[in-house]
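Okay, got some structures for you below.
First chain A sits with chain B, and in the next complex the same chain sits with chain C.
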Partner chain A sequence: MTRKKRSVKYYKHSSSLAAWMFLLPAMAVISVFVVYPMFKVLYLGFFKWNGLSASMEYTGLANYTGLFYSSGFWSILWNSVLFTLLTVPASFVLGLALALGLWKTAILKNVLRSAFFVPVVVSTVGAGIVWVWLFNYNSGIINGILSLFSVKPVNWLGSEKLAMLSVSVMTIWKTAGYNMVIFLAGLHSIPEVYYETCLVDGVTGNWKKFYYITWPLLRPASVFVAVTTVIFSFRSFEQIYAMTRGGPVGSTKILVYHIWEQGFRFYRMGYASAVSVVLLVLVLTVTFVQFKLSGGRDGA
Partner chain B sequence: MPDIVLKNLDKTFDSGFKAVNDLTLDINDSEFVVLLGPSGCGKTTLLRMIAGLEKASSGSILINGEDMTGSAPVERGVAMVFQNYGLYPHMTVYDNMAFALRHGKNKTPEDVIKKDIEEISFICKIHGQLDKKPAALSGGQQQRVALARALVRKPGILLLDEPLSNLDAGLRQHMRVEIVNIQKQLGTTVIYVTHDQAEAMTMAGRIAVIKDGELQQYAAPLEIYNMPGNEFVATFIGSPGMNIFNAGVFDNLPESLKPDTGSGCRVGIRPEHFIINSGGLDKDKFIFINGVAVEAMEALGHEYILYAAKGADKFTVRLGGKTNIKNDSRIDLAASINDVRAF
Partner chain C sequence: MKKQALLISLALVLVAVVVINFIVKSGKGSENTVMFWHGIEGREKNEVLQRLIDEYNKKTGDVKIVAENYGAADQLSGKIMAAVSGNTAPDILWWAPQQFGELARSGLLLSLDGVIENDSGFDKSDIYSGLWDASTIDGKIYSLPFDTNSLAVYYNKKMFREAGVSVPKTWLEFQTVAAKLTRDSDSDGIPEVYGFMVPLGKNEWTVWTWQCFLWQAGGEFYDPKTNRVSFAGGAGTRALNYWLGLLDKKHAIFSENNAGYKLTEFLSGRVAMVINGPWNFQALKDQDKIDVGSFMLPKNRVRATNIGGENIAFFKKSEKKLPQLWAFAKYVMGEEFQVKWAISTGYLPVSKKAAASGDYQEFLEQNPFIRVYVDSMSIGRVRPSIPEYNKMSAILGEYLEKALYKKLPAGEALDDAQKKISKIL
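== the complex of A and B ==
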């Protein structure tokens, strides 16, 4: 019996077939839960639709022109940017500071690391409710502590000027632990020999070592933290929902809360979709710029 | 250039492991000393203690007669090349070399730095690589950069921790010669850690053989080879190492070779010091070991390695040139009394 000869082409074909078979489950999941909704949102942005009725009215770019001409949208966009500016640098620096502080600490290392990481694990809505208590005007512990120093009670969440700051404080508390873990991983990946070389070469002083050695070698972690926290920040919703409902007077209304409100409270699904598309473009642009500014993924 | 004296050095780690045990060593000005020993013998720990990266548990380190036991590395005037080089990946070769000069204890002006780097990079043959980052260099080039970075500081003492272990055999042999040449050119006192006896034999002015944190012997390479101080040194140095026998194996061991321990004495003979005894040898100048079984043979072209046995003693014999000895035959061997060591 002679064995059937199979051409090179056959094997090439069959191996790429196997690759496709392996990829299929992941592609199916991504298609259904990521690609399809994305295009659906893009599509819905051109319609007026209440989210329930069978009929959808094609309105072209009306949703987009509408939002760009409304002053409300621009103030919401500004709120999102302000929220990002308040939370991202602070949680970046705090995460880095915690990581540097706990990097070589032997005492209570794991206890402290866990303590700072707990906020990340807690549900945002639950944590938001706890912070509402903490920020409470009459009985909150923060005003209670301030009163010990004879400071008058502050209306943390009820004041237009302070509500955004208060929500940001809670968000920083919530995300700093995550950044700390990323930075710790980055720090532990720096070989000890670089610091020993410094020591032998007489380059002493923690600031010098941080500036010339640690910070440059920590760059992959820094880029990751910067990019992810910006994305998280623009995507924030739960803490606003739990703490302020966008108030007072819309002072904490940010994009995702606006999308939810328009889509699921006012049933303006088309308009909400248009805002979602704007958010997507915004996040992609900011992420792209961040990558460019930090010199891309590799270039060490 | 400074001299170094180590006095009764001890190092016990927190885990209780004793890495260095009562070690005393003196290193002369401009000397090239190799610390040689098997893995885990404490030689790297000892080097790190000299550098000031590990604290001595007890004992003292004197550099140029000054007690430096507790001093910071920079005060000791040492430079070090680490096993994995420790080149900063985010800096160019030039910046790597300039780093200590720019940010170290004594700030050097940029124009002096430039001149020094040019000079040293020529000596180390990396002058074409100054603008590259370490990742763009081959292993051998990285090794040279690490050496150049240490040398550009003009250190009195250069410490090298297995600097050639990451290179392939050909490059290793080449770099051995280069490092010795550079050392001679600059007159630096060098302490070089290795487990490779070929490196030690070819590079060292003196070799310190270390085992289990203790100094076994400290002497010039050929003295270590020909007059090993104890059985460990005898078997560790040489490839294959020295053969160790119970004295009873020999038919005519002279009294002069028997130490006070008497019949329990052990005798060492290097594989290449055996000759075939075909009669006519002077009984007073040679010792005889007759009726040796040849168990296996390796022909290496320029020499033969015989795996031989007499009674319970197994040993190796190295014979140069041609031979007609066959496997499983019996031969009579002899060795000059001058080449026999007793332990």
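== the complex of A and C ==
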């Protein structure tokens, strides 16, 4: 049996060819659905275009200047920041609390873990519709329960002061389970031996253990959760669409809803693209800052 | 080596599958089929439509109308944009006539004045003239009436009997009736039953219903001749304050935000009167909780209601099929289709002949609930079908909401809205 001797280079080349071939479909999909649209949005931001017409009018930076001079845009930007501030820390803490609670519990562990994870799997629009019923002023279950304690009905979604809070509550409910799973994975990767060392060194009390061992070793999970929830929060749209349509009096109008409304309701594709670019820059900046604060990329 | 070849060919197959799939998909549709996109809601209505289209297809033979439901109408604009750029737009599109403005001005729709005038077999005057106004964009007809409706008031008959009140005809009577229907038996300041429900939210429903009150108060919304809006001022302020007055006295409740059309409060007996359209009539018949009647919107200076409904338009890329498209449109606007469609869906006929036909009159005899809406057609006005309408409505909606939330006094809110709208016209 004779075997042709191949050079190392040949093998390297041929296996990388196969790898490239396998990557090709994924790359094609990503270029068509992610890379191309991203550049197209950047491009469209310089035009006045209704999304339908064959002709577009080049307007330079007009979309961007218009946006920065409109008071509406700043209040929408603030709403997005407020929404993030209301949802991210709460969802982070709740996710961590759930993970710690279910980490070593034996009773009903899997049942409870699944129960808290279910909201993540449910479609946001569907969940939004359910929460609209729960929050209903006249016949919602939340006001029903409150009335048992003689509390007057609260207009959860119809009041401009409470609507943002109500939408945030739903969002926290929806995202905490996801954070819980990430934290659980992080917790399970901490070697038991560290806790045993604690006993030897005389460190007792759950709080001290958490502070000296669990929290520092959970850092990769924490950074991941913080970064992804901030991104998800800035990208939120479905719950606003399903629950408030940005109202009342614009109090829950956040960036992505604004983009949708301008682009698809008012046919202002150029302007909507400009807002999208601003959103992209904003999210990139915030993510960058988060990485910096958490001590570099190795954190994730 | 064999393994490498296998892997490479596997990857190639994968790519090929994706590419072929795209090619097959894009080749859909042919010369003999006519794609008809619509967003008709409800299983029963869709079945009726399919049956009527099947009948038509059987009769004509040479062309096949294929109906496809596009789902929620407020998500349609994005689908249209994608379809237009991918050249997969349908031949016929069913949508609210106010939505066609942007498409028409972008040069995507066929103007239909020529085909209407040249067809001596078509009687344009058989269709209500208000519907032609709604079909006209920049002086040209771009869409054809498919179905229509108007607004009136639903009332809970049992509550009317118990309160000893009869159907109100004027704003003043309406106010009194609403007060008598409101019940707060435990006197905690929160009535268990409200007389009326004011639509809340900045969406089209609020604007659509408010325009009725504006017209009733003697105001005008828009003048196509001067391209100006004129809803601010005395009449508009009166209309908005009328709603605010009912709310202040707690004789009316706010609807769920952006959902003034929902019947939850009415059907649960929390509200005795709501403004709504004829299209729920089947659902109202099927529920056995509440005995529902309807009456015309009350008058102030004049009587008025707002005409709604949907039209069909043809895409310019289907110009070659125009004879077939026009034949189908004539079938849809004709007596036979209109009577069957109206009887089984609760939509009102667009054709006067259909409305006067024996079958339909008999139906009205049995369903006085619908007759109110047919009668209301004579006092109906329409919203302008200009591309700016969406934006106009959104601005007005925003300011109506501000007034309803007491952020601004009614008069000031309307002034601000009018100024803002004038800027985009």
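Keep in mind that, in the parts below, the second predicted complex is superposed on the first by the 273 of 300 C-alpha atoms of A that agree within 3 Å, B and C clash if a C-alpha of one lies under 4 Å from a C-alpha of the other, contacts with A are read in each partner's own complex, and residues count from 1 in each chain.
The rule is simple: contacts are C-beta pairs under 8 Å (C-beta built on N, C-alpha and C of every residue); 3 or more make two chains touch, one makes a residue touch a chain.
Worth saying up front: this structure is predicted, and the values here are computed from it rather than measured.
Of the two partner chains placed around the shared chain by superposition, chain B is the only one that A:217 touches, whereas chain C remains out of contact. The partner that reaches more residues of chain A, of the two candidates chain B and chain C, is C.
By the touch criterion stated above, A:148 is placed in contact with neither chain B nor chain C. Of the two partner chains placed by the overlay, neither chain B nor chain C lies in contact with A:107. Judged by the touch definition given at the top, the superposed model places A:54 against chain C, while chain B stays out of reach. Within the superposed three-chain model, A:191 lies in touch with chain B and out of touch with chain C [touch as defined at top]. Residues 191, 193-194, 196-197, 199-204, 208, 212-213, 216-217, 219, 300 of chain A touch chain B in their complex. Contact residues on chain C toward chain A in their complex (touch as defined above): 4, 7-8, 11-12, 14-15, 18, 74-75, 77-78, 80-81, 84, 102-103, 106-108, 190, 200-203, 253-254, 256-258, 264-265, 268, 270, 387, 390-391, 394, 398, 401-402, 405, 407. Put simply, chain B touches chain A in their complex at residues 51-53, 72-74, 78-80, 82, 84, 86, 88-90, 99-100, 103-106, 133, 135, 153. Those residues of chain A that touch chain C in the complex are listed here as 14-15, 17-18, 21-22, 24-25, 28, 50-54, 132, 136-139, 152-153, 157-158, 160, 163, 244-245, 247-250, 261, 263-267, 269.
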